[in-house]
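What follows is a pair of complexes built around chain A, which joins chain B in one and chain C in the other.
And now, the complex of A and B:
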């Protein structure tokens, strides 16, 4: 339940990083930059929220990047080639991705297969399907795209809180509430603790598994739509490797990769840390953007080491109290 | 016991239930009847099929044949959740709650108090606190369950089941990790529930407890029903005969051969050994071929002493010697290097690797001791596994079976075999007979004596004073985390031990299983 200490550490890293960046480039400390950071991280924040549920429940979802890619292509084709009204296209793709997630969840539960394998297959499937639809980038020119892109709430200091950033924030908050306050959320933690035990305690493990992967794919679908707003195009190669950025954000956010512990808020902070590194590199101008990956890698390593340390610490008093009980 | 339902129709009727796991026929056409308001003990040796019966009835796995009726109505639950809906509340043997969730979440998982789709955290904690208070437990229910002792976790699991207010409450070895006081509380609650007309199934290897609490007894043997009796009219020896299908070799009674031993060399000694705030410094000498019993109440420092001796905990004073040479015991590794072995009390949860086979589990410690660069050949492994399966009567005898598929008691025997296989010079056993049936109980005690004749030195912790008296050459009595008395020879008697334990207050005496 308690994702707190690691989350606090993530928060400290984020703030310290922000202060360091701001010392070097005072311009970073403006609502303008922060607004852009939120906009740039929007799609990652959305998928990562879903991934948090999956990982806390003890699973993993490698298909999310491909689902985002497929979504952008589908939406672009549906609107531009097949003449679907954009809203209909959105509903269709969300239904499709939710069904895709539910199917993966069902396979994982019914055949008792490792989520890693099943979602890896899902990843190839979705990516392959998007190539089938189209191999080239399809620009989207529907009016709703320019409307949404132009929409923004002005923040003091001239920053813009864009529509897609708002969507992301709503999803993050909604996800956090779902995880912390509802029975569904408690069951997610229970699954991560032990599937067998949760089942003996009366949790409908099968249904939960289906729902969790459905949620993840659904959020990946929404992230795909947001991504298409962000780029105003659909391209089958978009969001390649995003599943790994997502997992990194979740782990940096203090969620245990083995499940059972973590929080959506932590994940959100993890996403912001990655966004901050990218922003820093943009400001610097001389660094290759691959430095983002390197910095993320180092952070990831540090956080996993830290978690192992915390887990070991958490065990210690336990053995003591066991000894004392006898 | 009064009946709130029609006494003619039993509350729970199980007819002709069968279950096979591959070639193992775990249950064969077993009948079981539970009346409303009765406490019904389900007994049998390790592997007799008790847990399988419970799981088959509550739908944890599908049964091959048989029907289950509750209140006259036929049911076939397909999951633990469906069983709850049908009126069962069960604490399975492998207790298992979720250590990562808070105590309150564990108690109310999947049935939290809700308002507008949101869990009412405050209300849930309040109820959790009230529920645990009935069991004499006052703890922070918002803390993760894993931060509490095994006993607390066990009580939590029982409280959860009791609170389901089902018609049938099933407890599979609920008392294995509880102390006497907690057992009293549990029994009080069981009696209350029975008065309300709930039927309770109680599995235990503690026959004293069975006679204390149960109205009726059903005995299984090798997956078959042996019979159902009224507890009051079933003498203990008859019960044991029903369980074993033979007479029990007399084990309790006079101490077999202690005293006849010739005095041997000192194997390990501890001078002024202790750790502040853990166990007061003590002197302890362990000779080859000698059994030293550690007696005392729960929390008196028995397990703490064992952990210090093994190196699982670092001493901050005193000197340890092995065969006369000073040694430093900083970690369990050091202990193993000097030829010590330690079978902890929570072996059920700590030691077993469920996916590995019996053979692999048995050779685990030996392999670790030899180091990975000197692997045991398959032939040696087979040989070792076969020897211990035979010696400890582990059933089924197939060493290639994953340990997770064995019954609880047989899993414990496998763990004992693991340490024996390392041929230690000193073996520390914490409650070696817990969860082990009467037959195997006697075997283990005999085994302990035999091992000693081969020169092994044993330090045994047990709450069963009868037992300690049977096999110990010396008994160290602990109280309040200090060694207070050492008994040897003729002085080893249950009465003397109790007197030493209770020296500063007679009230404490009842905490030990007599």
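And now, the complex of A and C:
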């Protein structure tokens, strides 16, 4: 039952926020709006699922936004210019992003370097590579794109559960099961709790590190494909800054940035809260988009302060260390 | 001077010389300097001028990193202070504008320092809050527009000249000397390094680690605010969306290139600024060589990786073993 209270708080915030929004704009409480909310936050939900694993294991992955950008450009060019069938292009890019994540994980483990700075280099590398491929926005006209965009499950009330929203929900549920029910998931928690202890208990720390970053980059690749479905184009500047939104969603979802605690469901709720803020601002019309950033910042602060309080309570007998490591 | 530029600066100096030499090859006029209207012009001056914001940021960042912290919010602080400076420039005098902009940086630094030193948050998380919210605050100040101004005082700050040097370069030089004098001229630098090396042990040895941590974040905020004012003065306007965007990463990179360990405990101000100059010399070289500027990111990524691998505890371990083997053979 570890990490349940923060998730509950996130859920309460989400429900309270939704009710408040619905009181002010009754139209928000419709399956149409909820369907759009899921579609708009589909790529964020996918990439945040991967980030949850990384952060619970005590790491961080700053490269995900760039990997999404690279994926959209690669997919667009592969389909439109190099004449690859879309499915082959998808497999190729997923293999490429998984290899990229594995490489970062290897560097982090073998050279014992801080994940923050290694994935920062990865962020530069992936973004630079996508600039090299193309600096213009490349529209995608392949038939599969219009098929996928048009596909939607009708919900009662006229809402549309789009294909990319379904992909996101499947990945979130799959991620939650992987984290909670498998040995892999248990090892992720063990790594985040204490690397040394995990290693002594027989967890293959190196293999796990490589696998975790591989998973994160793989999901970033899937998010990139979903993003290209969403915009029907590939652009090297797409998803700039998404790594921050992702980390914010994970933290708001109750995952401890020091590792060892958290859940995929919480992250999903965090993604929905960010989407809800955006929806509210769209409905209001007079508020400008920068309020999203300020509101996200305030929420981030509230949740981190809350976690800090909970951790301090849990560790009360021991003295708190100052200036904790990055 | 030996305290400012220790022997370990040799690698950085060599790197700068090599990059300068490469720049000379791609652009034969690279070292040309000419004096016009009392100001020096040329690619070298350009490198110094363009490198100023990152150099200023790295001055504050290096102290934060020395305490084992990190400040992700410097780019957002630049945007805030630039927005304040630009909106006040045409209605108030330069002293008021500077006081307001730098004051904002100070408050931002206090906030970060409070979260890290008093609430005990992880630095990366604590400063992430301001990194996310700060740009929103800057847009709130400019009301989402790009605020332009024509106040000659503020424009001089970005484009004027002092003794032949562009004003931003003179300011950065002044800040470097000031910071070095305060930190290395007293025991402060040592105390900061002690805090980063082992906060608990330092605390027990009687160092006010909280005050140390708080003050380095405040200084980092002030440096970032100064960089923001200069960046705004340079383009005669404030763009809350793009001012200082991703510069926090360049500043961290400059500090890392300067040989300061991300694990805290030691730092060099001069080498951090040298790191900023290395980055800018690369950027300018790539521009001059005619490659697309997008190439910058790839080159930067390769440089980060190379520097990281050189710093890696594992690799230095190997090097130590290799050296020992050589010694035993000899």
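Note that the second predicted complex is superposed on the first by the 314 of 326 C-alpha atoms of A that agree within 3 Å, B and C clash if a C-alpha of one lies under 4 Å from a C-alpha of the other, contacts with A are read in each partner's own complex, and residues count from 1 in each chain.
The criterion applied here is as follows: a contact is a pair of C-beta atoms (placed from the backbone, for glycine too) under 8 Å apart; a residue touches a chain by one contact, two chains touch by 3 or more.
Quantities reported herein were computed from a predicted structural model and do not represent experimental measurements.
A.B. asks: Once chain A of both complexes is superposed, is A:190 in touch with chain B (first), chain C (second), both, or neither?
C.D. replies: After superposition on chain A, A:190 lies in contact with chain B alone.
A.B. asks: Kindly classify A:199 by the partners it touches after superposition: chain B alone (first), chain C alone (second), both, or neither?
C.D. replies: After superposition on chain A, A:199 lies in contact with chain B alone.
A.B. asks: Once the structures are superposed on A, label A:103 by its partner contacts, choosing first (chain B), second (chain C), both or neither.
C.D. replies: The answer is neither, since A:103 touches no partner chain.
A.B. asks: Is the number of chain A residues in contact higher for chain B or for chain C?
C.D. replies: Greater contact footprint in residues on chain A: C.
A.B. asks: Mind working out whether A:287 is in touch with chain B, chain C, both or neither, as first, second, both or neither?
C.D. replies: neither
A.B. asks: After superposition on the shared chain, which partner residues are touched by A:261: those of chain B (first), chain C (second), both, or neither?
C.D. replies: So A:261 only meets chain B here.
A.B. asks: According to the stated criteria, A:297 is in contact with first (chain B), second (chain C), both, or neither; which is it?
C.D. replies: A:297 sits against chain C, while chain B stays out of touch.
A.B. asks: Given the touch rule stated above, what does A:251 touch, chain B (first), chain C (second), both, or neither?
C.D. replies: second
A.B. asks: Contacts for A:306 in the overlay, against chain B (first) and chain C (second): which applies, first, second, both or neither?
C.D. replies: neither
A.B. asks: Take the contacts of chain A with chain B and those with chain C, and give the residues found in both.
C.D. replies: 321-326
A.B. asks: For a test of understanding, state which residues of chain B touch chain A in their complex under the given definition.
C.D. replies: 60, 79-81, 84, 92, 96-102, 105-106, 109-112, 114, 117-119, 121, 144, 146-152, 160, 278, 298-299, 302-304, 307, 313, 345-346, 430
A.B. asks: Using the touch rule from the top, collect the residues of chain C that touch chain A in their complex.
C.D. replies: Touching chain A: residues 67-70, 116-117, 119-126, 128-137, 139-140, 143-144, 195-196, 199-200, 203, 209-210, 213, 240, 249, 252-253, 256, 262-263, 292, 294-302, 304-305, 308-309, 311-315 of chain C.
A.B. asks: Hey, which residues of chain A end up touching chain C in the complex?
C.D. replies: Touch list, chain A to chain C: 60, 107, 110-114, 116-118, 120-125, 127-129, 131-132, 135, 236, 244, 247-248, 251, 257-258, 288, 290-294, 296-298, 300-301, 304-305, 308, 312, 320-326.
A.B. asks: Would you tell me which residues of chain A are touching chain B in their complex?
C.D. replies: 1-2, 181-183, 186-187, 189-190, 192-194, 196-204, 260-261, 314, 317-318, 321-326
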